[in-house]
Amino acid sequence: MRIWNGRIELETRGHADVLDLTAEVERLVAGWGIGSGQGTLFVPGSTAGLTTVEFEPGVVQDLRELLERLAPGGAAYHHDAAWGDGNGHAHLRAALIGPNLGFLVRDGRLVRGTWQQFVLCDFDNRPRRRRVLVQAIGTGHPEP
Amino acid sequence: MRIWNGRIELETRGHADVLDLTAEVERLVAGWGIGSGQGTLFVPGSTAGLTTVEFEPGVVQDLRELLERLAPGGAAYHHDAAWGDGNGHAHLRAALIGPNLGFLVRDGRLVRGTWQQFVLCDFDNRPRRRRVLVQAIGTGHPEP
Amino acid sequence: MRIWNGRIELETRGHADVLDLTAEVERLVAGWGIGSGQGTLFVPGSTAGLTTVEFEPGVVQDLRELLERLAPGGAAYHHDAAWGDGNGHAHLRAALIGPNLGFLVRDGRLVRGTWQQFVLCDFDNRPRRRRVLVQAIGTGHPEP
(Lines give C-alpha, C1' and ligand atoms only; values in the text may rest on other atoms or scores of the structure.)
Protein backbone atom coordinates (compact mmCIF):
# COMPACT_ATOMS: atom_id res chain seq x y z
CA MET A 1 0.00 0.00 0.00
CA ARG A 2 1.31 3.42 -0.91
CA ILE A 3 0.31 7.06 -0.72
CA TRP A 4 0.66 9.63 -3.48
CA ASN A 5 0.30 13.41 -3.30
CA GLY A 6 -0.23 15.86 -6.13
CA ARG A 7 -1.78 19.18 -6.90
CA ILE A 8 -3.47 20.92 -9.77
CA GLU A 9 -3.07 24.68 -10.14
CA LEU A 10 -5.55 26.71 -12.14
CA GLU A 11 -6.36 30.28 -13.06
CA THR A 12 -10.14 30.75 -13.01
CA ARG A 13 -12.36 33.56 -14.19
CA GLY A 14 -14.56 33.28 -11.07
CA HIS A 15 -18.29 34.02 -11.51
CA ALA A 16 -19.25 30.34 -11.58
CA ASP A 17 -16.42 29.37 -13.88
CA VAL A 18 -16.47 25.59 -14.38
CA LEU A 19 -13.12 23.97 -15.22
CA ASP A 20 -12.51 20.39 -16.31
CA LEU A 21 -9.89 18.66 -14.13
CA THR A 22 -10.23 15.19 -15.63
CA ALA A 23 -7.14 15.14 -17.83
CA GLU A 24 -4.97 16.36 -14.97
CA VAL A 25 -6.34 13.79 -12.53
CA GLU A 26 -5.83 11.02 -15.06
CA ARG A 27 -2.31 12.23 -15.77
CA LEU A 28 -1.51 12.07 -12.03
CA VAL A 29 -3.07 8.61 -11.62
CA ALA A 30 -1.18 7.25 -14.62
CA GLY A 31 2.09 8.83 -13.54
CA TRP A 32 1.81 7.39 -10.04
CA GLY A 33 1.19 3.93 -11.46
CA ILE A 34 -1.77 3.15 -9.19
CA GLY A 35 -3.38 -0.23 -9.75
CA SER A 36 -6.20 -0.06 -7.26
CA GLY A 37 -6.82 2.81 -4.89
CA GLN A 38 -8.98 5.58 -3.63
CA GLY A 39 -8.35 9.26 -3.52
CA THR A 40 -9.65 12.65 -2.57
CA LEU A 41 -9.67 15.95 -4.40
CA PHE A 42 -9.95 18.92 -2.06
CA VAL A 43 -10.10 22.61 -2.88
CA PRO A 44 -9.00 25.00 -0.13
CA GLY A 45 -11.26 28.03 0.13
CA SER A 46 -14.91 28.64 0.89
CA THR A 47 -16.12 29.93 -2.48
CA ALA A 48 -15.34 26.97 -4.75
CA GLY A 49 -16.58 23.41 -5.04
CA LEU A 50 -15.92 20.09 -6.75
CA THR A 51 -18.38 17.76 -8.47
CA THR A 52 -18.78 15.82 -11.70
CA VAL A 53 -20.75 16.79 -14.81
CA GLU A 54 -20.88 16.00 -18.47
CA PHE A 55 -18.54 18.78 -19.44
CA GLU A 56 -20.25 20.22 -22.49
CA PRO A 57 -21.31 23.87 -22.86
CA GLY A 58 -25.03 23.18 -22.43
CA VAL A 59 -24.74 21.39 -19.09
CA VAL A 60 -22.19 23.91 -17.87
CA GLN A 61 -24.53 26.79 -18.67
CA ASP A 62 -27.51 24.95 -17.13
CA LEU A 63 -25.50 24.40 -13.94
CA ARG A 64 -24.55 28.08 -13.76
CA GLU A 65 -28.19 29.06 -14.20
CA LEU A 66 -29.35 26.58 -11.56
CA LEU A 67 -26.96 28.00 -9.00
CA GLU A 68 -27.97 31.53 -9.95
CA ARG A 69 -31.57 30.56 -9.17
CA LEU A 70 -30.69 28.86 -5.87
CA ALA A 71 -28.34 31.57 -4.57
CA PRO A 72 -28.61 34.63 -6.82
CA GLY A 73 -25.71 37.02 -7.20
CA GLY A 74 -26.77 40.48 -6.10
CA ALA A 75 -29.36 39.33 -3.55
CA ALA A 76 -29.12 40.61 0.04
CA TYR A 77 -26.74 38.43 2.07
CA HIS A 78 -25.74 38.87 5.69
CA HIS A 79 -22.15 38.07 4.75
CA ASP A 80 -22.03 40.99 2.33
CA ALA A 81 -23.72 43.34 4.78
CA ALA A 82 -21.08 42.53 7.38
CA TRP A 83 -17.97 42.28 5.23
CA GLY A 84 -18.73 44.08 1.97
CA ASP A 85 -17.21 41.27 -0.06
CA GLY A 86 -20.14 40.99 -2.46
CA ASN A 87 -19.60 37.22 -2.69
CA GLY A 88 -22.22 35.94 -0.23
CA HIS A 89 -23.82 33.92 -3.03
CA ALA A 90 -20.47 32.25 -3.73
CA HIS A 91 -20.20 30.99 -0.16
CA LEU A 92 -23.64 29.39 -0.36
CA ARG A 93 -23.06 27.72 -3.69
CA ALA A 94 -19.74 26.33 -2.48
CA ALA A 95 -21.31 24.93 0.70
CA LEU A 96 -23.97 23.14 -1.40
CA ILE A 97 -21.55 21.63 -3.90
CA GLY A 98 -18.90 20.80 -1.33
CA PRO A 99 -15.10 21.19 -1.35
CA ASN A 100 -14.16 17.54 -1.77
CA LEU A 101 -14.64 14.74 -4.25
CA GLY A 102 -13.74 11.12 -3.67
CA PHE A 103 -12.54 9.01 -6.57
CA LEU A 104 -11.61 5.40 -7.24
CA VAL A 105 -8.91 3.76 -9.31
CA ARG A 106 -9.47 0.21 -10.54
CA ASP A 107 -7.21 -1.76 -12.85
CA GLY A 108 -5.01 1.27 -13.29
CA ARG A 109 -7.83 3.55 -14.48
CA LEU A 110 -9.75 6.41 -12.92
CA VAL A 111 -13.35 5.27 -12.45
CA ARG A 112 -15.79 7.55 -14.28
CA GLY A 113 -18.45 7.49 -16.95
CA THR A 114 -17.46 8.20 -20.53
CA TRP A 115 -19.27 11.54 -20.39
CA GLN A 116 -18.54 12.28 -16.76
CA GLN A 117 -15.86 14.82 -15.97
CA PHE A 118 -14.37 16.02 -12.68
CA VAL A 119 -14.86 19.78 -12.40
CA LEU A 120 -13.91 22.70 -10.21
CA CYS A 121 -16.60 25.38 -9.87
CA ASP A 122 -15.24 28.75 -8.83
CA PHE A 123 -18.14 30.81 -7.52
CA ASP A 124 -16.14 33.81 -6.30
CA ASN A 125 -16.87 37.21 -7.79
CA ARG A 126 -13.41 37.68 -9.30
CA PRO A 127 -10.74 35.66 -11.05
CA ARG A 128 -8.80 33.44 -8.65
CA ARG A 129 -5.71 31.32 -8.63
CA ARG A 130 -6.82 27.93 -7.20
CA ARG A 131 -5.02 24.85 -5.95
CA VAL A 132 -6.79 21.50 -5.97
CA LEU A 133 -4.97 18.98 -3.81
CA VAL A 134 -5.04 15.37 -4.91
CA GLN A 135 -4.12 12.36 -2.81
CA ALA A 136 -4.52 8.67 -3.40
CA ILE A 137 -3.84 5.56 -1.34
CA GLY A 138 -3.57 2.15 -2.93
CA THR A 139 -1.45 -0.48 -4.56
CA GLY A 140 0.89 -0.19 -7.53
CA HIS A 141 0.11 -1.41 -11.02
CA PRO A 142 0.35 -4.18 -12.00
CA GLU A 143 -0.98 -5.40 -8.69
CA PRO A 144 1.14 -7.97 -6.87
CA MET B 1 -3.60 -2.60 5.82
CA ARG B 2 -5.55 -4.06 2.91
CA ILE B 3 -7.65 -2.95 -0.01
CA TRP B 4 -10.94 -4.47 -1.11
CA ASN B 5 -12.88 -3.92 -4.33
CA GLY B 6 -16.50 -4.70 -5.06
CA ARG B 7 -19.41 -3.58 -7.15
CA ILE B 8 -23.16 -3.41 -6.93
CA GLU B 9 -25.20 -3.79 -10.10
CA LEU B 10 -28.76 -2.49 -10.30
CA GLU B 11 -31.59 -2.07 -12.73
CA THR B 12 -33.29 1.27 -12.13
CA ARG B 13 -36.50 2.78 -13.41
CA GLY B 14 -34.84 6.19 -13.92
CA HIS B 15 -37.03 9.28 -13.34
CA ALA B 16 -35.58 9.93 -9.86
CA ASP B 17 -35.72 6.32 -8.83
CA VAL B 18 -34.20 5.95 -5.34
CA LEU B 19 -32.67 2.56 -4.52
CA ASP B 20 -31.44 1.35 -1.15
CA LEU B 21 -27.84 0.04 -1.34
CA THR B 22 -27.34 -0.53 2.39
CA ALA B 23 -27.77 -4.28 2.54
CA GLU B 24 -25.38 -4.77 -0.36
CA VAL B 25 -22.74 -2.50 1.16
CA GLU B 26 -23.05 -4.26 4.51
CA ARG B 27 -22.82 -7.64 2.80
CA LEU B 28 -19.58 -6.55 1.11
CA VAL B 29 -18.10 -5.13 4.32
CA ALA B 30 -18.94 -8.29 6.27
CA GLY B 31 -17.63 -10.56 3.53
CA TRP B 32 -14.34 -8.70 3.33
CA GLY B 33 -13.88 -8.97 7.08
CA ILE B 34 -12.93 -5.32 7.59
CA GLY B 35 -12.26 -4.33 11.18
CA SER B 36 -11.56 -0.65 10.73
CA GLY B 37 -11.45 1.15 7.42
CA GLN B 38 -12.77 3.75 5.08
CA GLY B 39 -14.31 3.40 1.70
CA THR B 40 -15.85 5.12 -1.26
CA LEU B 41 -18.95 4.40 -3.29
CA PHE B 42 -18.79 5.89 -6.78
CA VAL B 43 -21.38 5.77 -9.53
CA PRO B 44 -20.07 6.21 -13.08
CA GLY B 45 -22.33 8.43 -15.18
CA SER B 46 -23.46 12.04 -15.01
CA THR B 47 -27.18 11.53 -14.34
CA ALA B 48 -27.08 9.64 -11.03
CA GLY B 49 -25.99 10.45 -7.51
CA LEU B 50 -25.33 8.93 -4.09
CA THR B 51 -26.41 10.16 -0.68
CA THR B 52 -28.04 8.89 2.51
CA VAL B 53 -31.69 9.15 3.56
CA GLU B 54 -34.12 7.47 5.87
CA PHE B 55 -35.38 5.05 3.25
CA GLU B 56 -39.12 5.17 3.81
CA PRO B 57 -41.70 6.07 1.14
CA GLY B 58 -42.48 9.50 2.57
CA VAL B 59 -38.89 10.78 2.58
CA VAL B 60 -38.24 9.23 -0.82
CA GLN B 61 -41.24 11.02 -2.30
CA ASP B 62 -40.30 14.29 -0.57
CA LEU B 63 -36.80 14.04 -2.03
CA ARG B 64 -38.16 13.45 -5.52
CA GLU B 65 -40.46 16.47 -5.18
CA LEU B 66 -37.62 18.65 -3.87
CA LEU B 67 -35.45 17.82 -6.86
CA GLU B 68 -38.39 18.39 -9.20
CA ARG B 69 -38.70 21.89 -7.71
CA LEU B 70 -34.97 22.64 -7.92
CA ALA B 71 -34.44 21.31 -11.46
CA PRO B 72 -37.83 20.58 -13.05
CA GLY B 73 -38.20 17.98 -15.73
CA GLY B 74 -39.55 19.56 -18.89
CA ALA B 75 -38.03 23.01 -18.29
CA ALA B 76 -35.85 24.54 -21.01
CA TYR B 77 -32.24 23.36 -20.67
CA HIS B 78 -29.31 24.24 -22.91
CA HIS B 79 -28.21 20.62 -22.79
CA ASP B 80 -31.51 19.46 -24.26
CA ALA B 81 -31.50 22.21 -26.89
CA ALA B 82 -28.05 21.11 -28.04
CA TRP B 83 -28.36 17.33 -27.78
CA GLY B 84 -32.06 16.54 -27.71
CA ASP B 85 -31.58 14.12 -24.80
CA GLY B 86 -34.43 15.51 -22.72
CA ASN B 87 -32.45 14.79 -19.55
CA GLY B 88 -30.96 18.19 -18.79
CA HIS B 89 -32.70 18.17 -15.42
CA ALA B 90 -31.04 14.84 -14.58
CA HIS B 91 -27.57 16.27 -15.12
CA LEU B 92 -28.26 19.13 -12.73
CA ARG B 93 -29.72 16.94 -10.00
CA ALA B 94 -26.77 14.57 -10.25
CA ALA B 95 -24.26 17.41 -9.98
CA LEU B 96 -25.99 18.66 -6.82
CA ILE B 97 -26.16 15.27 -5.10
CA GLY B 98 -22.72 14.16 -6.24
CA PRO B 99 -21.45 10.83 -7.60
CA ASN B 100 -19.53 9.67 -4.55
CA LEU B 101 -20.19 8.78 -0.94
CA GLY B 102 -17.52 8.13 1.66
CA PHE B 103 -18.17 5.60 4.39
CA LEU B 104 -16.48 4.32 7.53
CA VAL B 105 -16.15 0.90 9.09
CA ARG B 106 -15.51 0.66 12.82
CA ASP B 107 -15.36 -2.51 14.90
CA GLY B 108 -16.38 -4.52 11.86
CA ARG B 109 -19.57 -2.55 11.21
CA LEU B 110 -20.59 0.01 8.61
CA VAL B 111 -21.08 3.34 10.39
CA ARG B 112 -24.61 4.70 9.91
CA GLY B 113 -27.67 5.73 11.84
CA THR B 114 -30.38 3.19 12.51
CA TRP B 115 -32.69 4.97 10.08
CA GLN B 116 -30.00 6.10 7.66
CA GLN B 117 -29.64 4.23 4.40
CA PHE B 118 -27.16 4.54 1.54
CA VAL B 119 -29.06 5.26 -1.67
CA LEU B 120 -28.52 5.58 -5.37
CA CYS B 121 -30.69 8.22 -7.08
CA ASP B 122 -31.09 7.67 -10.80
CA PHE B 123 -32.28 10.92 -12.33
CA ASP B 124 -32.08 9.88 -15.98
CA ASN B 125 -35.26 9.94 -18.06
CA ARG B 126 -35.29 6.21 -18.77
CA PRO B 127 -34.52 2.93 -17.02
CA ARG B 128 -30.81 2.30 -16.69
CA ARG B 129 -28.48 -0.47 -15.73
CA ARG B 130 -26.10 1.04 -13.13
CA ARG B 131 -22.88 -0.06 -11.53
CA VAL B 132 -21.86 1.35 -8.16
CA LEU B 133 -18.20 0.68 -7.44
CA VAL B 134 -17.22 0.08 -3.85
CA GLN B 135 -13.72 0.15 -2.44
CA ALA B 136 -12.43 0.07 1.10
CA ILE B 137 -8.98 0.34 2.69
CA GLY B 138 -8.36 -0.79 6.22
CA THR B 139 -7.42 -3.53 8.61
CA GLY B 140 -8.88 -7.00 8.99
CA HIS B 141 -11.25 -8.05 11.76
CA PRO B 142 -10.48 -8.80 14.51
CA GLU B 143 -7.85 -6.11 14.48
CA PRO B 144 -4.32 -7.17 15.32
CA MET C 1 0.74 3.22 6.52
CA ARG C 2 -1.50 3.47 9.57
CA ILE C 3 -5.13 3.97 10.47
CA TRP C 4 -6.48 6.27 13.16
CA ASN C 5 -9.99 6.46 14.62
CA GLY C 6 -11.57 9.25 16.62
CA ARG C 7 -14.87 10.85 17.35
CA ILE C 8 -16.29 14.25 18.16
CA GLU C 9 -19.32 14.51 20.42
CA LEU C 10 -21.53 17.56 20.36
CA GLU C 11 -24.72 18.90 21.84
CA THR C 12 -26.63 20.82 19.18
CA ARG C 13 -29.65 23.09 19.32
CA GLY C 14 -31.12 21.52 16.16
CA HIS C 15 -33.13 23.84 13.88
CA ALA C 16 -30.25 24.24 11.40
CA ASP C 17 -27.65 24.72 14.09
CA VAL C 18 -24.22 25.05 12.46
CA LEU C 19 -21.25 23.97 14.60
CA ASP C 20 -17.58 24.46 13.83
CA LEU C 21 -15.62 21.18 14.04
CA THR C 22 -12.30 22.50 12.78
CA ALA C 23 -10.42 22.80 16.06
CA GLU C 24 -11.43 19.28 17.08
CA VAL C 25 -10.40 17.79 13.73
CA GLU C 26 -7.06 19.60 13.89
CA ARG C 27 -6.54 18.45 17.45
CA LEU C 28 -7.12 14.84 16.38
CA VAL C 29 -4.81 15.12 13.35
CA ALA C 30 -2.05 16.67 15.44
CA GLY C 31 -2.45 14.13 18.23
CA TRP C 32 -2.27 11.22 15.82
CA GLY C 33 0.92 12.61 14.28
CA ILE C 34 -0.18 12.16 10.68
CA GLY C 35 2.31 13.32 8.09
CA SER C 36 0.34 12.64 4.92
CA GLY C 37 -3.06 11.04 4.80
CA GLN C 38 -6.70 11.17 3.92
CA GLY C 39 -9.70 10.90 6.13
CA THR C 40 -13.45 10.89 6.35
CA LEU C 41 -15.85 12.61 8.71
CA PHE C 42 -19.22 10.85 8.90
CA VAL C 43 -22.28 11.80 10.92
CA PRO C 44 -24.69 8.97 11.71
CA GLY C 45 -28.32 10.02 11.32
CA SER C 46 -30.49 11.25 8.49
CA THR C 47 -31.17 14.81 9.66
CA ALA C 48 -27.64 16.24 9.81
CA GLY C 49 -24.93 16.99 7.28
CA LEU C 50 -21.29 17.99 6.94
CA THR C 51 -19.73 20.62 4.69
CA THR C 52 -17.29 23.53 4.84
CA VAL C 53 -18.07 27.24 5.17
CA GLU C 54 -16.42 30.43 6.27
CA PHE C 55 -17.67 30.17 9.82
CA GLU C 56 -18.77 33.73 10.52
CA PRO C 57 -22.28 34.72 11.61
CA GLY C 58 -23.27 36.22 8.26
CA VAL C 59 -22.48 33.14 6.17
CA VAL C 60 -24.03 30.89 8.80
CA GLN C 61 -27.26 32.89 8.72
CA ASP C 62 -27.24 33.02 4.91
CA LEU C 63 -26.86 29.24 4.79
CA ARG C 64 -29.74 28.74 7.19
CA GLU C 65 -31.93 31.03 5.09
CA LEU C 66 -30.94 29.25 1.87
CA LEU C 67 -31.95 25.89 3.27
CA GLU C 68 -35.18 27.37 4.60
CA ARG C 69 -35.95 28.50 1.04
CA LEU C 70 -35.03 25.15 -0.51
CA ALA C 71 -36.85 22.94 2.01
CA PRO C 72 -39.02 25.12 4.26
CA GLY C 73 -39.87 24.06 7.76
CA GLY C 74 -43.63 23.79 8.14
CA ALA C 75 -44.33 22.89 4.51
CA ALA C 76 -46.34 19.73 3.76
CA TYR C 77 -44.06 16.68 3.64
CA HIS C 78 -45.07 13.09 3.04
CA HIS C 79 -42.69 12.02 5.81
CA ASP C 80 -44.52 14.15 8.34
CA ALA C 81 -47.93 13.01 7.13
CA ALA C 82 -46.90 9.38 7.64
CA TRP C 83 -44.87 9.64 10.83
CA GLY C 84 -45.86 12.90 12.50
CA ASP C 85 -42.21 13.77 13.18
CA GLY C 86 -42.45 17.30 11.87
CA ASN C 87 -38.88 17.07 10.57
CA GLY C 88 -39.47 16.26 6.91
CA HIS C 89 -37.56 19.39 5.92
CA ALA C 90 -34.59 18.21 7.98
CA HIS C 91 -34.35 14.96 6.03
CA LEU C 92 -34.25 16.82 2.73
CA ARG C 93 -31.63 19.32 3.83
CA ALA C 94 -29.44 16.52 5.17
CA ALA C 95 -29.71 14.56 1.90
CA LEU C 96 -28.62 17.64 -0.06
CA ILE C 97 -25.65 18.50 2.15
CA GLY C 98 -24.58 14.88 2.66
CA PRO C 99 -23.41 12.97 5.76
CA ASN C 100 -19.73 12.72 4.90
CA LEU C 101 -16.78 14.98 4.27
CA GLY C 102 -13.42 13.87 2.97
CA PHE C 103 -10.29 15.65 4.13
CA LEU C 104 -6.58 15.61 3.40
CA VAL C 105 -3.50 15.95 5.57
CA ARG C 106 -0.27 17.16 3.98
CA ASP C 107 3.00 17.90 5.76
CA GLY C 108 1.31 17.26 9.08
CA ARG C 109 -1.45 19.82 8.54
CA LEU C 110 -5.15 19.58 7.76
CA VAL C 111 -5.71 20.98 4.27
CA ARG C 112 -8.16 23.89 4.29
CA GLY C 113 -8.43 27.54 3.39
CA THR C 114 -7.67 30.15 6.03
CA TRP C 115 -11.35 31.08 6.20
CA GLN C 116 -12.71 27.61 5.54
CA GLN C 117 -14.10 25.65 8.47
CA PHE C 118 -15.47 22.12 8.74
CA VAL C 119 -19.03 22.28 10.04
CA LEU C 120 -21.82 20.03 11.22
CA CYS C 121 -25.33 21.23 10.31
CA ASP C 122 -28.05 19.77 12.51
CA PHE C 123 -31.36 20.22 10.72
CA ASP C 124 -33.53 18.27 13.13
CA ASN C 125 -36.38 20.05 14.88
CA ARG C 126 -35.02 19.59 18.38
CA PRO C 127 -31.70 19.63 20.23
CA ARG C 128 -29.66 16.50 19.59
CA ARG C 129 -26.59 14.80 20.90
CA ARG C 130 -24.46 14.02 17.83
CA ARG C 131 -21.40 11.91 17.20
CA VAL C 132 -19.15 12.69 14.24
CA LEU C 133 -16.82 9.81 13.49
CA VAL C 134 -13.37 10.65 12.17
CA GLN C 135 -10.97 8.26 10.54
CA ALA C 136 -7.70 8.82 8.72
CA ILE C 137 -5.28 6.57 6.85
CA GLY C 138 -1.75 7.67 6.11
CA THR C 139 1.85 7.88 7.18
CA GLY C 140 3.33 9.21 10.39
CA HIS C 141 5.04 12.56 10.74
CA PRO C 142 7.82 13.18 10.00
CA GLU C 143 7.44 10.96 6.97
CA PRO C 144 10.01 8.17 6.58
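In order of appearance the chains are A, B and C, and numbering begins at 1 in each one.
Here is the rule we use: a residue touches a chain if its C-beta (ideal position, glycine included) is under 8 Å from a C-beta of that chain, and two chains touch if they have at least 3 such contacts.
Model, not experiment: these values are computed from the prediction.
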{"item": "Cα-superposition angle relating the copies subunit B and subunit A, to nearest 5°", "value": "120"}
{"item": "Interface sides of subunit A and subunit C: same vs different residues, half threshold", "value": "different"}
{"item": "Separation of mean Cα positions, subunit C and subunit A [Å, integer]", "value": "19"}
{"item": "Two or more partner chains touched - positions in subunit C", "value": "1, 70, 96, 98, 101-102, 137"}
{"item": "Complex contacts: residues of subunit B adjacent to subunit A", "value": "1-3, 5, 39-40, 42, 44-46, 70-71, 77-83, 88, 91-92, 94-96, 98-102, 133, 135, 137"}
{"item": "Subunit B - residues contacting subunit C, complex", "value": "1, 36-38, 51-54, 56-59, 61-63, 66, 70, 96-98, 101-104, 106, 111-113, 115-117, 137-139"}
